[in-house]
Structure formats: structure tokens, C-alpha cells
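The same chain A turns up in both complexes below, where it pairs with chain B and then with chain C.
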Partner chain A sequence: MQVLISGIVIGTVYAVLALGFSLIWGAARIINLAYTSFYMLAAYFFYIFTSLLGIPMVVGVPLSVFVAALLGVSTYKFCLERIRAHDTVVMLISVLIAFFFEEIVLAVFGQQLFSVPPFVEGYRELFGVRVLKQYFLAFGFSVALLVGLWIFLSRFRIGIAIRATSQDKEVVNLMGISEKKVSLIAIILGIGFVTVSSVVVSPIYVVEPSMWMHPIIMILAIVVLGGLGSLKGSVIAAYILGFSEVIVVNWLPMGAFIKSAIALLVMVIVLLVKPEGMFGVVFEEERL
Partner chain B sequence: MRYLIWRLYKNFEGGILAIPGRLLGSLIVLFLICAGVLIQDDYFIKILTFACIFGLFAASWDLLYFTGQLNLGHGAFFGVGAYTSAIFSLKLGIPIWLTIPLGAITGVMMGLIVAIPALRLRGPYLAIVTLAVPLILKGVIFVFPDVTGGELGLFGLTPISDSSVLVYYVTLFTMLLSVAIMWKLTDTGSRIIRTGIIFCAIREDEISARDSGVNTVKYKLLAFALGGFFGGIAGGLYAHTMAVVGTSTLDFTFSIYPMIWGIFGSAATIYGAVVGAYILYLLSNELLAIVPELRMAIFAVIIIAMILYMPEGISRWIRDKLEINCPRCKSVNNFTRKSCRICDAPLHLEKSVPK
Partner chain C sequence: MTTRGWICRIGVCLLAVGLSWNMAEAKTQAVKSVRVGVIGPMKSTDGENMWRGALMAQEEINKAGGVKQGTAKIKLELVKVDTNEEVSVSDAVLAVERNVNKADFFVGSKRSESALAMQDVLMKNKKIFISSGGVHPELCARVGKDYDRFKYFFRVILNSAYMGKIMFLHLGDVAKIVKEELGIEKPKVAILADKLQWADPIVAAVEKNAPNMGLEVVGAWRPSANASDVTAELAAIKEAGAHIIFQAVSGPVGIALGKQWGQLEIPAALIGGNSYGVVKTFYDATGGYGTYMTTQTSVGPVKITNKTIPFWDSFVKRFNDFPGYTSSSYDAVYILKEAVERAGTLDSDKVVEEMEKTDYAGAFGRIVFYPKGHEWAHDVKFGSGFNTWVIVQWKAKDKVSVVWPYGWEGVTYEGSEKYQLPPWMVKQLKKK
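== the complex of A and B ==
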């Protein structure tokens, strides 16, 4: 039961993170490996604002989301946008940005672990298992984000523009949509997703400088496993990998060490059978 | 006899002295060879030894990049080489001159295993599957702690030699030989070795290469095997120089480093990767001595600034500053010359045209 509940929660959180990532990947065509370092930064800002400065939760949460998202978008604007065409260099620069933020945080706060206060105290019995109320909150928030994104992408003009951009960049330009602006909006949305989910989730985990490394690898695995450009695939893959991680941690000896290895093994096996991911569409080669 | 020496000198003059890039390169190699004798500082020799190993490692990554296979998990080859040499040396007591080749052979096998998914995947899919490989291997190492040492790693390996100068020369010559082999293998202009032009074709357009009758499967396997081979050699050397092998060789960070070095030094040129590894490894060691806390942050800022300023990489940037290709006969010229040294055509056409 414990496995089921934490599997669902972790899967949902991964789904939100992966969707934000694939938004960026789809619309802006960049693999932003610094993506989860804003997850780390938002958690730290949250810690600074609420625990150190004593700002009330209602102000502190939006403020930390805003500051971290601002940092994220400005790194895109100043570093990544001009080299967008070179995939490898983008990956390299973004991973260097991630190292940079990690080192800054490490220099300011040191290696010690923090825990941030939860929004709501206490727990509730559910099917005989004690579940922290923060879990419910995280789950509810993530589901709300997922549904919100769905509606945004299918009903609103900008959402449709983002989907169109991820399908074909050049035709979008011909249709009078500024592909650059759409990419920027997608980046803002994606970074906003990661920061919001970070402040919701961080009370569950500990906050540490290297907390960006594990999620980014899992996100990459999820996005590829689900198939690039498929939102449905990303969500399902997120649950698969989230559950496999929880099961390995709880049932196998030394699970904590090999949890990412098993999850990645699942990904590699699926890709061996189906190279374009579970729900991926085989894209035509990009026109030059 | 005098004629032979004269010919040799003329070849040297035309092939090396006249081309500033080659002259600079051979001067650096000469300096590295002399460095073992000239530098008395034991610590600095050790740093240079590691720079050699990482140069070889970065070059083996670059060989795969030359073929268009972006490998984000190159640490897998390095780690496999290091662990194999360590296990054979510690558990079976095999001497060093056998364990390092054994590490290289397991590197080849690892490369072929990675190549199985790589044959079907492309672009970001390939990058992420290769990224997964060292992390899966790390899981394997945690599962068999009695063979692999688990989290602590293996320690107490026999060093290559007690004298650090000798260790330096062994690694330096291994590195130079391997890099020379890789460089020749990726020489696109060669008429004898065809791999260079074929690898280049696979990188530029795999489908066209297959349509022109190139067996792309065979050559991609070859590229991965070569990358694994040289990565394994680097790993074996590293294991015996450090005398310790830990799981850090299989970290995500460690697999990113060859990419940083390779792109910084100039991607897909082999020698560029070595240059990048030397510069950045020495730089990060200097920074470690000056500002230990913010080392990585400053390092990252410097590299980001440099790559944004010269996206083609440092060695190609320097070469473009030093050399001019003749517009008529395409031969390489010194940047100070006004006219081509072969065909006497004016080099700066845009300046001689009256406006």
C-alpha cells in the first residue's frame, strides 16, 4: 500500500517535471540540462524566504517561484538563445550552468542538508497507512498543473501555437507566428512548472546542492521512454519509472543505490524493442 | 646521402615549418616530451600525467563525436577499463603490461554492447541511452560488492612505476601513440585509410552514406569499438596511476567532462580534444589552489564565456587566426604572407579590390 501511494505521488511529480521539460524540448528545440537546477534553486529560495527571513508562507512561496523562474528564463535569454542551433553546445552550456548554480549554493550553504517546513502539518490514515498531508497537497497540485496544461494546450491560442511549433518550426513561421516568441513562452511555462512543483515537493525530500542531478536523469529517461513530442507518453512513462523506482527502493536489498540503474534499464529495454519510445511518432528528418 | 638529408630538411620545412599550426603543435609535443626531464616538481609531473590520461580519454570521446554519435556516457568505457585492470591486477595478480590491454579489450566489448542500441537510435535518443549506460554499470557494481569493492572501490593497485617521471613517460607515449592512430583514422584526406572519410560521411548524412554503398552498421560498430578501446586504455592507465578505482569514474559528471574538453578544444578534430583536456585540467587545478570553494563556478563561467565567444573551439580558433587558405590552390599559408607560397596568388582578395 505504501508502495502504491508513494509510487503514485512520485509518478505524478515526475510527470509534471517531464511535461515542463518536453514543452521546452518541443517548442524551443533545446535540451536544457540546467532545467532541474531551478528545481534546486526554488527549494533553496523557499528555505531562505520562509525559514531564514521569516516571510509568511503565502508571500514566500510565490516569491521563491518567481525569483527562481526569473533566473531560469534569464539564463535562456542570455546564454542559450544565441546558440540554439547547436544541440551539443546547448547541452554543454546548460550542464555548465547547472554546475555553476550547484557550486554557488554549495559555497553559500555548505554541504549540509536542510528540510523545509511543510505547508500543512500532520498526516491522515489511508487504507491503514499513514500518509503525510503534504503528500496529498503535492499530488493535488501536480494533478491541477497537469490538467491546467492540458486545457491550456488544447483550448488557448498560445497553447495551440506551442503545439504547432513543436510539430513544424518553419510552417509556423510561415503562418505568421513568431517562433522565437513561442519558444520564450514555452521556456517560461516549463521553468514555471519546475519551480512550482519544487516548492510543493521540497518539504517531502531533503534540500541539498546536488538534488538536481537525479531528477534530470529521470526526466530525460521519461521523456525519451514516452516518446518525444508525446505528452500522453510522458505521463505514462513517468508513472512507470516512478513505480519501478519505489518498488526497487522498498523491496530489493540495497535498493537506494540501484534505483536509478533499474529505472534506466527499463528505459533501455523498452527503447531496444521500440526505438521511437512508447508513444513516439517517427518524425521526418528536419528540413535544412 | 647529402641529398637525402637535404630532401628530409625540405620536407620538414614545407610540411611543418611553413604551416604555423603544425609548427605550434610539434613545439608543444616537443615541450611535453622534455617536460619530464626539465620539471623537477613531482606534484606538477603528476598533474601532467593525469592531463595525459584525460587527453586520451577526451580524444576517444571525440572519435565517436567525429562519427556523429554523441556519447553522453563515455565514462562507461573509462570505468570498465579501470575496473577490469583493477580486478585482474588485484584478484589474479596479473602484471600491468597485461591488465591495461585487458581493460582496453573489455572497453571494446562495452563499446559493442553500447553500439547495439546505438545502431537503431539517433540524436537525442542515442545521447540519453548512452547516458544511462554508466549509471546502470554503477548499479551492477553496487550489486556485486565482493568483486568490485562496492561503494568504497578498489584500492592498493600496483603502480606503473615508483618513479613519477617514468610513469609520466609511459602515459605520455601511450597517449601520443593512441592520439596519432586516432588522428590518422579520422584523416578525411587520406587515400589509404578510408575510415576517416566514411566516418565523416556517416556524421554528415547517414542515409546518404548508406545509399552510396557504405556499410554504416559495420563502421558504426567500428567507431564504438575504437572509442571503447582507447577509453579503456585511458581507464586502465588511470587505475594504475591513481592506485584507486571508485564509482566516481561512472558518475554523470565524469561522463560530461570529455564533452566539455572536446567541445572547448574543438569538436571532431581529435587533437582539439587533447588540447582542451590539457588546458582545462591544468586550469581547474590552478583554480583549486587559488579559490578552492568557488572553483567549479569560476570554471563554468570561464568555459561558458569562451564557448560563446569562440563556438568553434579554442584550437580551431587559434588555427584560423594563424593560417590562411589560398583561395586558388587551397594550400595552407602563414597569416603574415601577402601571397600564396605555392602559386603566388594574392591571399587577401577583399583588400586588393578597389572600392
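== the complex of A and C ==
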């Protein structure tokens, strides 16, 4: 039961992080490795606004999301958009951007570790397993975001345009839809996902400069395993890797430090069997 | 002898006198100051505390005139060497290589893996290196095995084998309290240690010895030192029914552990060693959830020697933080100063001879080194009346209490308090 509950909770958080990344890849066709640095920045802004400046959480939390997201979108607009046709260059530049933000944070705060206050204190027992109330909140938020995104992409014109762009950019342009604008909207949504997730989960973790690294590795594993660009695949892969981590910790406690490596091994095994990922497409087809 | 012969002889004599005068002059000029390199990860809390300890010693020594050399006193200078060793061993080695000639002696180090690599560089250059951070026994075992090569290495803090022993002694005390206060006959112990070299002997020792102490080991969890989430580990530990979590963590995982243990109110005493738990920022970094956790460290707010409380108070007043275990660089600098004064030279071999004679009552305890021929030659001597370290328990935002030694071999430092079980643990387990 403990494996089941911990796996669901961790998998859901991974799913939200991976969905934003997948969305950006799908519409804008860029692999933005700086993606989780905005996760880190949102957590730091959360700390600055609420703990250092004493701004109430009702204001501090949305403000943190807004400022971090603004930085994320500006980074895309001013650094990545103009080079997005060059995949490798985008990857290299985005890694540099991530390290740049990490160095900035290191210069300001050093390697000090911080904590941000939870929205809800305490824990609840679920079938004998203690789960932080903040985890429930993160789970609820994540599910709401997943459902919201699903509805948005299937019912709204912009959502449908994003899906269309992820399938065929040229046809979208021929249909009179600005692929550039649609990509920007997908970027805003994706960055929004990662910054919102950050403020929801950072009270559980520790705020530190390199907190962006582990998530980006897991996200890459998830999106590759699920099939690059497949939202459904990302969600399922997130749960597979989330469960893999929890199973390692429970069944192989001495090897808890390799929980992420085992998760990556699961990815490698799946890719050996199905190189395009579980729900990846070899040819252009419906992705949602 | 011809006039020409005399002129030649006088010329040669004058040349020889001139050369020796110049050499003597050059030697005098070279010892205008004693340069001590402080090597550590300067952006981290442990590195910062290492620097602070050395800085306090330097300022005090220079305020008192400096280091005595013959009839004169020369200034003591510090050279900051940022090793980034918590991230990269090769960075650490490069940093030491770059600075090896910028200092006469070196103190510091944090990660044992890096300390071993830096030790090689410094020994090759015959530079005295006093560890105030790297704790793996191998560092001094090398001195024991190959004295001529490694004799320049000393350590002012206890090695991880002794750290393990202290943690054991405290484990016995806590197990006794669990038995007495909660009526649990055979307490269960879970080990949670980060996957780093220094923790290996500790984990092995707990697994081997805990059953002899009437305890049951329910498992050992080894998360990464940089893990930011250990809720899965804690859930598994609770599921295993542990009453005591024996931690041996030295990375950021220590903060996550202290925080999530308190948040989840895991009904198990969190004891052992947590290097992030020895500084004031631990309380804020865990959001206060780390209260009641204990950790071992090299100094606490008790009277270990007459120098301890004045050092503790000055440190807290100046840096608004508690000294960490790496702040033992304070004593390291003083030991060096005394050895250099006794040797009357900066020559490493002569200073080593004097270092070996050290018997110094420092702020962190009495420092005597194990002699040549000992398994851990040049390691600081452990025991009652020597160096013991302490175990502190978090009680409130700015308060830690020393809870060990508490009667061990008759040692209870003035100002110590009895260990207190976390209230939620008592509440949850007493019901059963």
C-alpha cells in the first residue's frame, strides 16, 4: 500500500512537470533544458517574497509564479525563439541558461539551503501510510492541471491550434494560423505548469541552487519513454518512473541512491523494445 | 704566495661571504609571514565555517603579535582555497595544485574522497595538511602504512570510526530511554546513511553491533547525499516499525531528512550524525521541523575546556551562527602556530616533529596525536580526558543542548542536558 500511494503521489508530480515540457516540444519543437531552472527560480522567488520580505502567501505565491514565468517566457522570446530551428544549438544554449541562473542564485544565496512554508501543515494517514497534506494538495493541483490541460487542448480553439501545430507546422501556417503565436502560447502554458508545480511542491522539498537538475533528468526520461511529444505517453511514463523510484527505495533500501538510475534503466529497457517510446509516433499522426 | 694568489683567495672568500649573506637575507625575507591555506568548499556552510574558524584564530594570533620566530614575531596570513569538493574531486585537486606554493601549510577539507586526492598532492609537495573536515580513517591509515610519504598529514577531528563509536554510545543511551519511557523491550533501528565513502564503516558497524546491544536492525537506506526528498524512505522506515533512525548524512539530504521526519511526525528518534544539522541555519532550512533531532559535532555550548564557551560565544556573536564541525580549523591554526614557534622554522620536516609532540587544550577539546607506528598515526586521540566530540539535540530556534557525553566514563560537560524523546513519538507509541 505504501508503494502504491507514494508511487501515485510522486508520479503525479512528475506528470505535471513532464506535460509542460512535452507541450513546449510539441508546439514549439524545442528541447528546452532550462525548463526546470524556472522551477528552481519560482521556489527561490517564493522564499524571497514570503520568508524574506514577509509578503502574505496569497500574494507571494502568485507573484512568484508570475515573475518566474515571466523570466521563462522572456528567455524563450529573447534567446531561444530566434534559434529554434537549430535543435542542437537550442539544447546547448538552454543548458547554459540553466547554469547561468544557477550561478546567479549561488552568487546571491551561496549554497545555503532554504525552506518555504507549506500551504497546509501536517499529514494524513491513508491506509496506514502517512502522506503530507501538502502532498495531497500537490496531487490535487496536479490532477486539476492535467484535466484542465486536457479540456483546453480538446475543446478550445487555441488548444486545438496547439495540437495542430504539434502535428504539422506548415499546414497550420497555410491555414492562416500563426504558428509563432501558437508556439508562444504553448511556451507560456508549459512554463506556467513548471512554475505552478514548483510553488506547490517546494514546501515539501528543500530549496537549493541545483534543485533543477534531478527534475530535468527525470523529465527527459519520462518524455523519451512516453514518446516525445505524446502527452498521454508522458503521463503514463511519469507514473512508471515514479513507481520505479518508490519500489527501489522499498525493496532495495541499500540502493536507494540509485533510484533515479533504476528509473532511467527502465527507460532504456522500454526503448530497446520500442525505440520511439511507448506512445511515440514514427510518422505524423494524432498525438493526444 | 704571490700577490695575485692572495687577491684570488680574498676574492673567493668575499664571494662566499656575500653569497651566504644573500642567502641568509633571502631566507629572512621569506619568513616575513606564515601563510596558511584554508582548503574547502567555500560556497557551502561547512566551507564557510571552516574559513570562519581559521579567521578567528588568525585574528587572535595577529592581535597578540603574531607567530614567534626567533626573537621576532611574524604575521599569520590565510589563503582561501575554494575546492568545490562537494561537487567535484577533480576541481578540488586542481584548486590545491594551483595554490600549493601560495601557502606554507594547509588546513581544511570536507569530503573524504576529495581529501584523499588532495592529500596526495600536498604530500608530494611536502606540505603539512591538517584535516578539519575529511573524516575517513584511510587518511591517517596512510600515515600509519607509509609514514615517510604521508607524515605531513594530521587530523584535528575524530575519524569516522570514532564518530561511529560515539554514535553507538549515544544509540545505547537512547535505546535505554526508549525502553524505560515507552516500555519497548527490543527497540528497532533503521539506518539512513548517504551513499558516500565516509558513511560505509558506520553502516557496517551499526549492522554488526546493534544486535549485540539488544536492538533489531530493520534495514539500511542509502539515499544520495543530494536527495531533496526522502518521504519514500521515511514511509518505508515507518512501515518497518523502527523506533530509532540512525542517520549518517553529510549532504543536503540531511535537511530534507530533518524536515520531512518532523513534518510526517515519524515515531522514531532521529539520532546519529547530520553535518547540515550542526549549524543555526538548520532550524530555518527545515522550517523548524528538525527540532528534537540529534547530531554529533565537534563542539557545543558546554565547558569542554576553558576555551570552549568563550570561543562558542564569540563565534555566535560574530557570525550569528553555531560553529560547525569544520570550524575546528580554529584549533588547527593554533596547533600549527605553536609547532612553528617550537620548531623555529617553517621547514615542514622540523614542524612535523613538533606537531607530533602536540598536547593542546583547544576550544574543541584536548588534542594529542597518535604516534608513528599507530594504525591511525597523526589522528587525534579519542577518549575520556582527550577528544570526545559531543552530540547536540535541537530544542528551539536558537538552542541546541549537548546530550552526550552524559555520564560516559564519568564525563558530563558542564551545561549538558539529558536526551529528550520527540513528544509526538511518546504520544504515538505510549498509546500502544
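What we mean here is this: the second predicted complex is superposed on the first by the 279 of 288 C-alpha atoms of A that agree within 3 Å, B and C clash if a C-alpha of one lies under 4 Å from a C-alpha of the other, contacts with A are read in each partner's own complex, and residues count from 1 in each chain.
In the analysis below, a residue touches a chain if its C-beta (ideal position, glycine included) is under 8 Å from a C-beta of that chain, and two chains touch if they have at least 3 such contacts.
Since we're looking at a predicted model, the values are computed, not measured.
Chemist: Looking at the overlay, does A:Ala28 come into contact with chain B only (first), chain C only (second), both, or neither?
Modeler: In the superposition, A:Ala28 contacts neither chain B nor chain C.
Chemist: Between chain B (first) and chain C (second), which, if any, makes contact with A:Val95: first, second, both or neither?
Modeler: first
Chemist: If you stack the two complexes on chain A, which partner ends up touching A:Ile104: first (chain B), second (chain C), both, or neither?
Modeler: first
Chemist: Quick one: classify A:Phe257 as touching chain B (first), chain C (second), both or neither.
Modeler: both
Chemist: One more residue to check, A:Met211. First (chain B), second (chain C), both or neither?
Modeler: second
Chemist: Give one of first, second, both or neither to describe whether A:Ile187 is in contact with chain B, with chain C, with both, or with none.
Modeler: A:Ile187: touches no partner chain.
Chemist: Once chain A of both complexes is superposed, is A:Cys79 in touch with chain B (first), chain C (second), both, or neither?
Modeler: first
Chemist: May I ask you to decide whether A:Ala237 touches chain B, chain C, both, or neither, giving the answer as first, second, both or neither?
Modeler: Neither: A:Ala237 stays clear of chain B and chain C.
Chemist: Would you please give the residues of chain A that touch chain B in one complex and also touch chain C in the other complex?
Modeler: Common interface on chain A, chain B vs chain C: 106, 254, 257, 260.
Chemist: Give every residue of chain C touching chain A within the complex, in rising order.
Modeler: By the definition above, chain C touches chain A via 41, 43-45, 48, 86, 194-195, 219-224, 226-229, 231-233, 235-236, 238-239, 252, 255-256, 259-260, 263-266, 276, 281, 284-287.
Chemist: Considering the complex alone, what residue numbers of chain A touch chain C?
Modeler: 2, 6, 10, 106, 110-118, 122-123, 128-130, 132, 134-135, 203-206, 208, 210-211, 214, 245-246, 249-250, 253-257, 259-260
Chemist: What does chain B use to touch chain A in their complex?
Modeler: 65, 70, 72, 116-117, 120-121, 123-125, 127-129, 131-133, 135-140, 142-143, 151, 207, 252-253, 256, 259-260, 263, 267, 293-297, 299-301, 303-304, 307-308, 311
Chemist: Which bits of chain A are touching chain B when the two form their complex?
Modeler: 25, 31, 79, 82-83, 86-89, 91-93, 95-97, 99-100, 102-104, 106-107, 213, 217, 220-221, 224, 228, 254, 257-258, 260-262, 264-265, 267-268, 271-272, 275-277, 285
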